[in-house]
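So, here come the structures, one by one.
One chain, chain A, links the two complexes that follow: it is found with chain B in the first and with chain C in the second.
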Partner chain A sequence: MHTIVCIKQVPDPEIPPAKFKIDPVAKKVIPPPGVPPVISVYDERAVEAACRLKDKHKGKITVLSLGSEKATDVVRHAISMGADEGYVLQDEAFENLDSFGTAYVLGKAIQKIGGYDLILCGRQAADWGAGQVGSILAEILGLPIITLACDIQVEDKKLKIKRILKDGFEIVEAPTPAVATVSSEIGLPRLPAGVALMLARRKQIPIWKAKDIGADLSELDPSKVHTEITEIFIPTRERKCEMIPGATPAEVATNLVSKLVKLI
Partner chain B sequence: MASREVFWNITYGYVVYVLAAIGIAIWLYGFYQRYRVWRLGRPDECAKEIGKRIGVFIRTTIVDVFFHRKFLRQPFSGTMHLIIFWGFVILLLASAVDAISYYSGYHIQGTPYLWFSLISDFGGFLILLGILMAALRRYVWKPRSLNSLLDDGIVLSSLTAILITGYMIEGLRQAATEISPHPDWAVWSPGGWVFAKIFIDLSEGTLRSWHKFLWWFHSALTVGVILYSGLTFSKLQHLIVSPLNIFFRSLGPVGAPTPIDIEKAEILGVGEIKDFTWKQLLDLDACTNCGRCEDNCPAWATGKPLSPRKLVQDLKGHMLHLSSNSADSHESSLPLIGEAPNEAEIWACTTCAACQEACPVYVEHILKVIDLRRHLVLAQNKMPESAQLMLRNMQMRGHPWAGAQSLRLRGDWTTGLDLNLLGEGNHVNTLLWVGCTGALIDRNVEVTLSLTRVLKAAGVDFAILGEAETCCGDPARRAGYEFQFQLMAEQNIEIFKSHHIQEIITSCPHCFNIIKNEYPKYGGEFRVLHYTQLLWGLIKQGRLSLSKEVKTVLTYHDPCYLGRYNGIYSEPRKILQGIPQVRIKEMRRSRERSFCCGGGGGHMWIEEQPGTQKISQRRIEDVLNTGVDTVVTSCPYCLQMFEESIENKDSLKVKDLIEIVESSLKKSS
Partner chain C sequence: MSEYKGVMVLGEITEGKLAPITIELLGIGRRLANDLGEELSLLLMGGKAGVLAREAIAYGANKVYVAEDSLFDEYNSDTYTQWISNFCQKTMPSILLIGHTDIGCDLAPRLNGRLRGGLAMDAVNLSIDPSTKLLVSTRPIFGGNAYAKVVSRFARPQMATVRTKIFPPAERDDSRQGEIVSVAEKVDPSIIKAKVIDRIKEEFEGVKLEDAEVIVSGGHGIGSAKNFELLWELARLLGGTVGATRRACDEGWVPVTRQIGQSGKVVSPKLYIAVALSGAMSHIVGCLGSKCIVAINKDPEANIFNVAHFGIVADYKEVLPVLIEKFKEQRSP
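Let's look at the complex of A and B:
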């Protein structure tokens, strides 16, 4: 069983909200100083899902990350969790890609790696939250896509995947290979075992450029971008504290209820 | 001339020495069996440095054995043990004098003999009094930490019987030979004299036959006790095992875990009893179940599942189980962590070292806890969720604080300050190591700022790392996640070395301890100072004068990692005492006996288990009992824990020592 997991490095979502800065003109997030970027939370769960399959069925895990050279950090993190190999896709041509461009580059790299049974992505990235790459990737590779997986089982070369729905879950079957996007309900990612932490540190992480994966640069041309950001802004949150009057607790409660009813 | 005939009325008296020799031989055999059990443990560093050990051993023997320094912290039980100990020393010497005088032909006579009799009798009296105190404590008052086993009863009653029969034998001899011809001699053996008065009316024949019977009974009982203790490895073995344990005790820094060699490590932490080192197994036998550790444990005091006494005794149970199956012991492997000790106990420890400080025989609890945690974390990936969160944060973010309410960004405390950033501007080889808490948490940042202002006022030339500083690795190491610590240590040492750092000033005692005491094993040897040490030095040199009045009544809380781990008790107090109008009131538990704030050993982040109370609240009760208006500490964790636990913030303030110092600083004119 060979699983390929696509992971993304994102600005740390745990930083205090007041420290989150954007550049509305360039329409970019300003990375907070002194805070290392981290693996996107959903992608980490995708790695966890792959590790659970490996625990059960043996096999191999390869991780891929499209981003800057610093993305080797998140690839190493995945390796310390249990992945065997990892690659970073970095090229000037890969900067400022939308979901389509990203899926195209990942698809090329996946084709180069080959021999896979399952491709996993997080359900969406923790920074932009578009949630598109997994589905587009499946389209490009001509594979079935199962989104929002919260449990993945393999039986007789068939995938049995539990999907999260708004009002419950469903279990779907799919042939391998397939693409699945993993949701947080799959459970907490493991803490890398001690020795793996050190081994991952020493592991060489190859960096693949556009030419290494045979990417057609014309596909990544800015003119072909399907999505455009029109505006980015930090929503303002206003808080107002109002004391509900009333002589007795019962009266306060009554006043509160009538207030709430008006708000609904 | 006053004297007595040794072996009066006894034929074949030497048989008693033969019996004793047999008893001791069997006892040695029992000891050897136990020695084999200890040898099942892994090798230990402590077999080295024998020369240094002898010196330390002699010093410890004088302070902690002859003078009972640690015992006497509990006055009643300390006195009890002290008089039993000295009673036995007297009786042992007296028996030796008897034997020597019998075989050498030199007899003590006259006044020296009378004094010899009196002192010997006094020795027995001391032991009897001690036993009475022990029995009162054990069977009448029953303190919670005293766990009575059958062995305790056997030992106390057999010793009583030996001593009483000893006096009776003496009395019978006096009644037959001494009391009428020399009544003035007899009173010099008061214990015997009492019985002589009782037996005085018996005929000489009866006295002689009773004497003979009791003499052999007394001897047989004594040999019996030696046999019993050898065969059952009773608590009496502590006469030998405790000194042995003191001899082999760790001479290094308190609670410094042994590094794990990643290349060679076959086992990670301790998952079965044989994974302990032989010294750690010896520790288990050295424990006499006295309960002093339990009495001082903050986890136990606040109703958490951990008792250090029980932990050691449970581990001892595992060791005994192993020894009873010793034939195939090299094969047998039993998981150690389960019922007892269980995971909850292992995670309840704050590594405050109060247990080790209290232990008269130098049992080392903390490293056992850390070894067990290492097994859980590294080999089994089992830990409380809050511990996992902390470790993940350290791994991904380089600090354990992510998600905290008042979190700042690393380095943003330096905004607007004219500070020397390492690698920029003037080259300085003194580094101010701020620590995660001092850089990231609002309240502690105030302390850091105060520290930089005081250092500047004193003209100390220092640099900071700013954004580039990461965690020292302490929380990971205490939680058993050794390799994360190792990564951080190696990385930090590399940074220190690349900037030619020679001196490191720290604000946090946890950083201080690990950089000073634990980095050297990874090749990082620097001059490390806690800021209280530095300040006291500056004050002595006259570079810092604290002359402005600070009108306050305060108490100083000793952080565990500054006090018990590094023995820094006097510098903070001397600094505070030098400030005009500051009055210090000590808490009931201070200095060596300080009570943990609850934040050590990773517990600043690992959730405290439900108990009767939070550890920090218990400590605040100590503070409130002194009636002060301010509690001063010099550790960011203590500061945090106390801030959270003080209910009435108007009547009690928490301050870091540096804040008091700064308010006493005359503004530079």
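Let's look at the complex of A and C:
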């Protein structure tokens, strides 16, 4: 069983909303100073899903991260969780790609690695969150795609994937190889042990450039983008919270109930 | 690119009726088509899709394409992608609108990959740029902390999945005239690789979250599954139900189907009582439509107080039990 997991490094999405700042002219988010970037939440759970499969079936996990050289940090994080190999895809030509460009580059690297049974991505990135890379990647590779997975089982080269619906779940059966996108409902990711962290720190993380994966630069030409962002903004909201007075919890509760009686 | 024309809505049928999102899409689709001076069409798929075509015209469609094949009664990613992409290559809509539903979330990105179009997921606003005539989709980024406007200059169709209950439903006018086109192409079942073998509907205690008038929602500060009982007690008393943040669901205190927020359910009750949750934007976007939000949090700096109508800074364990008592007193005078 060989699983390839695509992971992204993102600015920490859990900073308080008040600390979240944008540069509307550059159409960029200003990373909060002093808060290190992290592995995107859903991608971390995709690594967890791969680790659970490895716990059960042995085999191998390869992680891929398209980003800056700093993305070696998230690759190392995945390795400390249980991944075996990892690569960072970094090239000037890989900057500011849309979902199609990202899927194209990941697809090229995956073809170079080869010999896989399952490709996992997070359901969407915690930053721009376009939510399309996994599906476009599956189309590029001509593979079945199962989105929003919350449990993945493999038996006799067949996948049995539980996926989340608004009102419950469904079970999908698909042949391998296939692509699946993982949702947070799969459960919390494991905490790496100290030894694993140390070994991951020593691991060589190769950086692949466009030429290493045979990427055709004309595919990544900015004139070919499918979607462009023309504006970003933070909606302004007026604070209108009325604090309920009261010296004791009972007084506060009485005051709140009297405010709400009209409503319900 | 000018060979791509018109606005097309991908219809959904639930329990033999046009799904509410489809009627919402016909409303906004009509507006976009008017702004472009082009046609609004609807694609309806399913064994009994034909009977709904007239009604769709009353809701504003100029043309309804009907693909009557019972193989479409159950959504399958492989058949839908294949069939709809072939259909779009023939009909060449300039804009394709899809609901941000179970089907839309799965189908749209894959269909986009096949058609090589330009897609914005989870759009909360749509308009036509008056000078370029391009579709402008507004969608949340960074977990709802900000929004981005997205356009597709070169790729067609311009696609969007549209969040439910954002746009008002189209107004029905039975005097409207339109064309019904039945599409004969059948789907080839042999292309199916991924098969749905089982569907499990989660049984809800009491009212469904989306229908509830009162929701008592708990966050990580609740501390345990057992402590959630207190929230249940208040919810039952008020005829409502319980929701939760992702962190509370992650801990397994609450079933994952009760998660509210960007990646969970979007609710709009009369009363939303947010207990021991910090108010991350990705959670808030799921309940901003509530008429009244009450926040109970021990941290006065918590972001939830920026969106709440009424706030209580306190340990919820001290407030909730008396609040339950007071509501009981008020209910049985």
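One rule holds for everything that comes next: the second predicted complex is superposed on the first by the 241 of 264 C-alpha atoms of A that agree within 3 Å, B and C clash if a C-alpha of one lies under 4 Å from a C-alpha of the other, contacts with A are read in each partner's own complex, and residues count from 1 in each chain.
Operating definition for what follows: a residue touches a chain if its C-beta (ideal position, glycine included) is under 8 Å from a C-beta of that chain, and two chains touch if they have at least 3 such contacts.
Since we're looking at a predicted model, the values are computed, not measured.
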Simultaneous placement of chain C and chain B on chain A, clash or fit: fit
Does chain B (first) or chain C (second) touch A:V38, or do both, or does neither? first
Which partner, chain B or chain C, is in contact with more residues of chain A? C
Considering only touches as defined above, state whether A:S183 meets chain B (first), chain C (second), both or neither. second
Return first, second, both or neither, reflecting whether A:R201 touches chain B, chain C, both chains, or no partner chain. first
Based on the superposed arrangement, let me know which partner A:P249 touches: chain B (first), chain C (second), both, or neither? second
In the overlaid three-chain picture, which partner chain does A:P16 touch, first (chain B) or second (chain C), both, or neither? both
Using the superposition on chain A described above, determine whether A:L217 touches chain B (first), chain C (second), both, or neither. neither
A:I30 contacts which: chain B (first), chain C (second), both, neither? neither
Give me, in Å and rounded to a whole number, the least C-alpha distance separating chain B from chain C in the superposition. 5
Take the contacts of chain A with chain B and those with chain C, and give the residues found in both. 14, 16, 188
Spell out the residues on chain C that touch chain A in their complex, using ranges where they run on. 77-78, 101-102, 105-106, 109-110, 112-114, 116-122, 136, 140-143, 145-155, 193-202, 213-214, 238, 246, 249-252, 256-257, 259, 263, 265, 270-271, 278-282, 291-292, 294-295, 301, 303, 305-314, 318-319, 322-323, 325-327, 330
Chain B to chain A touching residues, read off their complex: 260, 262, 265, 268, 377-378, 381, 383, 385, 388, 391-393, 395-398, 402-403, 407-412, 466-468, 481-484, 486-487
What residues on chain A touch chain B, complex-wise? 12, 14-16, 19, 32-36, 38-39, 77, 188, 190-195, 197-198, 201
Would you pull the chain A residues touching chain C in the complex into a rising list? 11, 13-14, 16-18, 20, 22, 27, 29, 99-100, 103, 123-124, 126-132, 134-140, 144-148, 150, 160, 164-175, 178, 183-185, 187-188, 223-235, 237, 239-244, 249-250, 252-254, 256-257, 259-261, 263-264
